[in-house]
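Structures for review follow.
Next come two complexes, and both contain chain A; in the first it sits with chain B, in the second with chain C.
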Partner chain A sequence: MKKYIIKRILYIIPVFFVISVVVFLLIHLTPGDPARIILGDRATEAKVLELRETMGLNKPIVVQYVDWICGFFKGDWGQSVFMKGTMQEILLEHIKPTVSLSIYALLLALIFSIPLGTIAAKHRGSMADHAISVFSMFGISIPSFLMGLLLVLLMAVKLNILPSSGYKPIESGLLLHIKYLTLPAISLGLMEAGLITRMTRSALLEVLNADYIKMAKAKGVHPFVLTFKHAFRNALLPIITVIGYSFIDLLSGAVVVESIFNIPGVGQLIINSIVRRDYQVIQAIVLVIAIMNVVINLLVDLIYGIADPRVRLDK
Partner chain B sequence: MRNAKFKKRLGGDTMKRTNTWKKIVSVLLTVVICITIVGCGSSSQSGSSSGDSESNTVSTDGSGETYKDEIHIALNAAPPTLDLNNTTATVARQVAKGSIFEGLVTLTDDYGYAPELAESIDTNDDYTEYVYHLREGVKFHNGQEMKAEDVVASLNHWLDCYQDASDMVGGARFEAVDDYTVKINPTKSAMFFNELMAITSQGPIVFPASSLDSIDPETGLLTEYIGTGPYKFEEWAEDQYILLTKYDEYLPYGTQGELDGWSGYKEAYASKVYYDIVPDGATRVAGLQSGEYDFGMVLPNDNYDLFSSDEYTVYKDVTEQPGLIYNKKQGLATNQTLRQAINTALDMDQVMQAGYTSSDFYRLDSSYMFKEQASWYCTEGSDNYNVADTDKAKELLKEAGYNGETFRIIVSSDYSTFYNAAIMVESQLEAIGMDVELIVSDWATFLSNRADETAYDAFITSFDPVLTPTMFLPLSPTWAGWLDDEFIISGLDEINTATNMDDAVAKWAEVQKYCYDTYMPYSKFGDAFNYSVAGPNCKEVKYLMGPCAWNMKVVE
Partner chain C sequence: MDIKKFLHNKMAVIGGIITIIMVLSAIFAPMLTSYGPLDMVISDRLKAPSAAHIFGTDTFGRDLFSRVLYGARVSIGVGFSVSILTMILGMTVGLYASYYKWLDNLLMRVCEGLKAIPATLLAIALMAMLGASTKNVIISLVIVSIPDIARISRSSALLTKEQTYIEAMYALGAKPNRIIWKNIMPNVISPVIVQTTYIFASAIIVEAALSFLGVGVPAPEPSWGNILSEGKTVIYNSWWMIVFPGIYMALTVLGLNMFGDGVRDLMDPTSH
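Moving on to the complex of A and B:
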């Protein structure tokens, strides 16, 4: 197991290098530069060139890459042209809202999707099954931004129950923090709920038809125990996979939802950074997300081993 | 019997485990539901969401009304910096000018200027000496009193940053005469120097001389924002908000209750002003309707009707004049007759309608200087504005020797108004037989392309109001478009060095006529408005190209 974990962690290194080169080249070869954005539309060419020189943007691209990558390994992830603080501080500030939102959205999704998927599987073909299928299709089909806008219109503008936008950090109070994240979490969670519901239903259906389940039923095992102790645990693997991918997807930044609800998360940060060509920030975010991707996939694999002891990861 | 007992025991154990599981699940569900209800319920207790933070009511004007201590203004974009010497971004000026930073002079309602940190101004007859007598007792936000040395340091830094200003004064510099007097001696007549200092974009601001030490060596920008205004810079939460707090030692000037543009007696009724950064238009609209924001900047034109009721106050501003700027340095548009042909083909009403959706948001006007700027407004050359004559355009095209080459127009997709107008321009030019290529990109790429004279033949952008025609960018030889006409350049120079307004205005009329009748550096589409909205609780908002945080009262 340890060997497996170490091997997976080492995989991060080549992934890191490939992504660093690709993202560096993509950004630097795209037209536009931060000097023009800072100085604005009316700036003279002389002023722009002067600022580019000051910012080191006129150095050869290979030199810029080497400077950046060496700095990265020394802990200097670069400086944002537009934001104060170290890169780590900037990323942390923006990751916190995204992590909170992701966890909240996923929790909401799981609270509804697991029971609904289970009910649908157990009562296959019934009205309940059809209704849940419609719900899950609705969740998957409706774009999160549309859901977000509808929720804002209803819950914030018409009913004034929840705020329309904004973000309060957890330091402002847990309940306030949760309140501001509720509408965006519902917008995002609905799609994940749809996916997880369908996966839960199909995974459970497969297991519920197994011989050992029929045997347990024949032996008089209570339906609740039968479903959640015997069937569900065996159906967990594909569900864990979907949950893992959903979490990665959410952490990468739900750009549109963050935009609508004005949440200063990773999604907004990367869009703003691309628009204003804040090179160092774009590079840092992409690398961090890539590393998070690898780490979460590793965690999902480890959870497989816990959920199903038959899975041997080191073989 | 044994089997029955076994079955009963098995069933009994199973029953116990089932009951335990049921209890655990029930408790968990109850907890989750409670959290959700309490979380939702707490919003209704505090009323609007903007009331979640501390909101002490304050009444400062003796009227008996109580005002919110914290106001929220939704900005449509994040400023790149608040160093106003080094940025032309409108939002930077809207946040910082007049609230954090003040200048020797500032803008009035009629786009003139009035003294602000200067108590009085003396000028000689030929505008080669400006003496500014400073107001005494004015304190910076760090508690230090403003003296001449600070003004000299600030304004000379501005001259270093802003080439046009330095050119206007012929390289002259500010000097301190005594602790409360500064002067500058332009090397040539500079009649409009005060107008230049009152400009809306990249205008001079006064800060402590020691602030120059805070300049970031990498970007050349100030990193501390210490001014003399009624609000001081408190916090900038990236991509969230900029927080200003009331400066208790602010020294107002003028007569209480009187404001003229950005000048006059400033009072800070709210102790906290949040400029919330809300780039999405729909979010600003929803936030205004729900009470999250007290003021919403630059709202989408499509939502205009939502604010037609009396509870909202709509501020419509003429903010820009969009147009097609020709590349006079290289390519097809170096041909003056071709430029005339294109201008003759364009139906400006259709172009503006395409860009701005409704005549509520634009007007057709040929003058390069806005109607609101009475001194400079003129209609010379208007016969060649909005001609929309396709036959004449085709003749001119033939005369220009056009052979079907591709005419490249660059435009940014980040501004839907420009992009939509560009589509209409493209179709109108194709109607006269031109082959047009629209090169659409994001703003950063557009700026980069615009600096490359080989990349395009014309581009579409817009221009803010300027105080004098000599600041009008399409007529600048050093700005994109690269005007190279001796008559215009010398004409603008004559305006700059004029010693009386009549001569300057007369010369300007000649220059504008020449632009329309002959040179055609730029095809103006029209004047455009945007609108911002004050929420139902906002009272007495002073608005001039943006809301003034000072004197803004928001009722609790």
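Moving on to the complex of A and C:
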């Protein structure tokens, strides 16, 4: 197990290197001089030269990369042109609503998809199975921002039950926090719900067809015990993986949904930064979310390794 | 592929029909509507659906039906270009990675790194840097989708490479390029095509999201994302601006996904 953990952690290094190079190069994709673009046409030449100097744009590109990545490890994540405070403070302030929304959406998705997937697998080929397939197909095909717009239209304009815009931080009361996040979470969670339903169904079907389950059935094990004790445990592994991946999907999907519901999260930060040409903020956001993704994948793999000995003994 | 079997798979057939209808309506847009997508009639702004404008009109008095149809040209066009380019480039990466071991490590690490950045986020960041334009949307989406195809074609190619006949080709002195494209590629193409239909669908969704956020296809040109973004500002009094383009986009994506699933089931004997 130790060997597996070490191997898995070492494996992160090249991935991190590639991510950092991609994020670093982003700013060099801007057409023309980044300093000029950030400051706009009206800035004086002296100002532009000054910014070039502080951003280190005059140095060779490799030196710039090394400076940038060393700075990152030392805690210097770049400087926003428009906002005060360190990059960490800015990100932390904006990531809270986004994480809150993603967790809520994931919980909603799980509450619906795991039972639905289980029912579909247990009654394969029945009407319920077909209905559930259609539901998940629709879930996968309706993009979150469209679902968001439709929900706003339906709930806020016609029914007026839930707030269709705005955000209340968790400090102002959990219930209020949840109330404001419900429509965004439904729109965000629907696609994941579709995916997890399908995954649960196929994972469970595979296990239910296994010989040891047939054996247990032949011995007269109660169907309920059979599904939940014998089958579900083995089907859980692929489901855990999907949940891990889903969380990151949700985080980046939240970027789009936030703009509909006016939630002051990472999405709003990135869109504002694009308008303001505050490129270092965009770089920092992409880098941080990519690192979160790598860490979550690592955790999923480690859980996998603990749960299933075959994984860590492989290779 | 067995055509009879395909026709037996209802999902795939329905999906295929929906997709074909959507593509045809985009191609024949000028024949289906007499309004131009950019023709403004200010006195007709935000009119509800009627006989003259079956989908209603938008904030500039442009005919929404015409905009949705012409928007299909842009959105489906972007999706199509992205999927074809991704298929060619991704397969090239995957095939060469599977053949040359030194290249494998390099290319696969790059793909993993790219994959670690969530696709929508990377696409938004790329668009922020490159600037909003249809060409840049295609470039960003291709960069984001290549790793998927590369991984799939590499893993099927690795299996094929182990076959005796490939070894025989090698022993006979066939050139690597010949083995890769003539002998390995045909075995890789089916899973790649299935994945490509999903990329087609997701490219349409991400393009719409980018345009919705204002970093995709630039304004007056119609794309479903643009129309929806405009619809958002008038959502409280003009429902048709959301509902019609929304249904149109969802149906297209649904059709592609159903088609992809059907083809996948056909090719995978274990799923029967």
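Some observations on this one:
Operating definition for what follows: the second predicted complex is superposed on the first by the 241 of 315 C-alpha atoms of A that agree within 3 Å, B and C clash if a C-alpha of one lies under 4 Å from a C-alpha of the other, contacts with A are read in each partner's own complex, and residues count from 1 in each chain.
FYI, a contact is a pair of C-beta atoms (placed from the backbone, for glycine too) under 8 Å apart; a residue touches a chain by one contact, two chains touch by 3 or more.
As the structure is a computational prediction, the values presented were derived from the model and not from experiment.
In the superposed model, A:H230 makes contact with neither chain B nor chain C. Contact with neither chain B nor chain C is seen for A:R201 once the two complexes are overlaid on the shared chain. Touch criterion met: A:P31 reaches chain B and chain C at once. Of the two partner chains placed by the overlay, only chain C lies in contact with A:I270; chain B stays clear of it. Of the two partner chains, chain C is the only one touched by A:I248; chain B is not.
By the touch criterion defined above, A:L153 reaches both chain B and chain C.
In the superposition on chain A, no contact is made by A:K122 with either chain B or chain C.
Once the two complexes are overlaid on the shared chain, A:L175 sits against chain B while remaining clear of chain C.
If you count the residues of chain A touched by chain B and by chain C, you find the higher number for B.
The residues of chain A shared by its contacts with chain B and with chain C are 30-31, 149, 152-153, 157, 259-260. Those residues of chain A whose C-beta lies close enough to touch chain C in the complex are 14-19, 21-23, 26-27, 29-31, 137-138, 140-143, 145-146, 149-150, 152-153, 157, 248-249, 251-253, 255-256, 259-260, 270-271, 273-274, 279, 282-283, 285-286, 289-290, 293-294, 297.
Looking at the complex, you find that chain B touches chain A at residues 7, 10-11, 14-15, 17-18, 21-22, 32, 35-36, 38-40, 42-44, 48-49, 52-53, 78, 80-81, 86-89, 163, 201-202, 217-221, 223, 236-240, 276-280, 282-283, 286-287, 289-292, 414, 441-449, 451, 461, 473, 478-479.
Those residues of chain C that touch chain A in the complex are listed here as 109-110, 112-114, 116-122, 124-126, 128-131, 201, 205, 208-209, 212-215, 228, 231-232, 235-236, 239, 242-243, 246, 249-250, 253-254, 257-258, 261.
Every residue of chain A that touches chain B in the complex is listed here, in rising order: 30-33, 36-48, 50-51, 54-56, 79, 81-84, 90, 93-94, 111, 149, 152-153, 156-157, 160-168, 172, 175-176, 178-180, 182, 220-222, 224-225, 228, 259-262, 264, 268-269, 272, 275-277.
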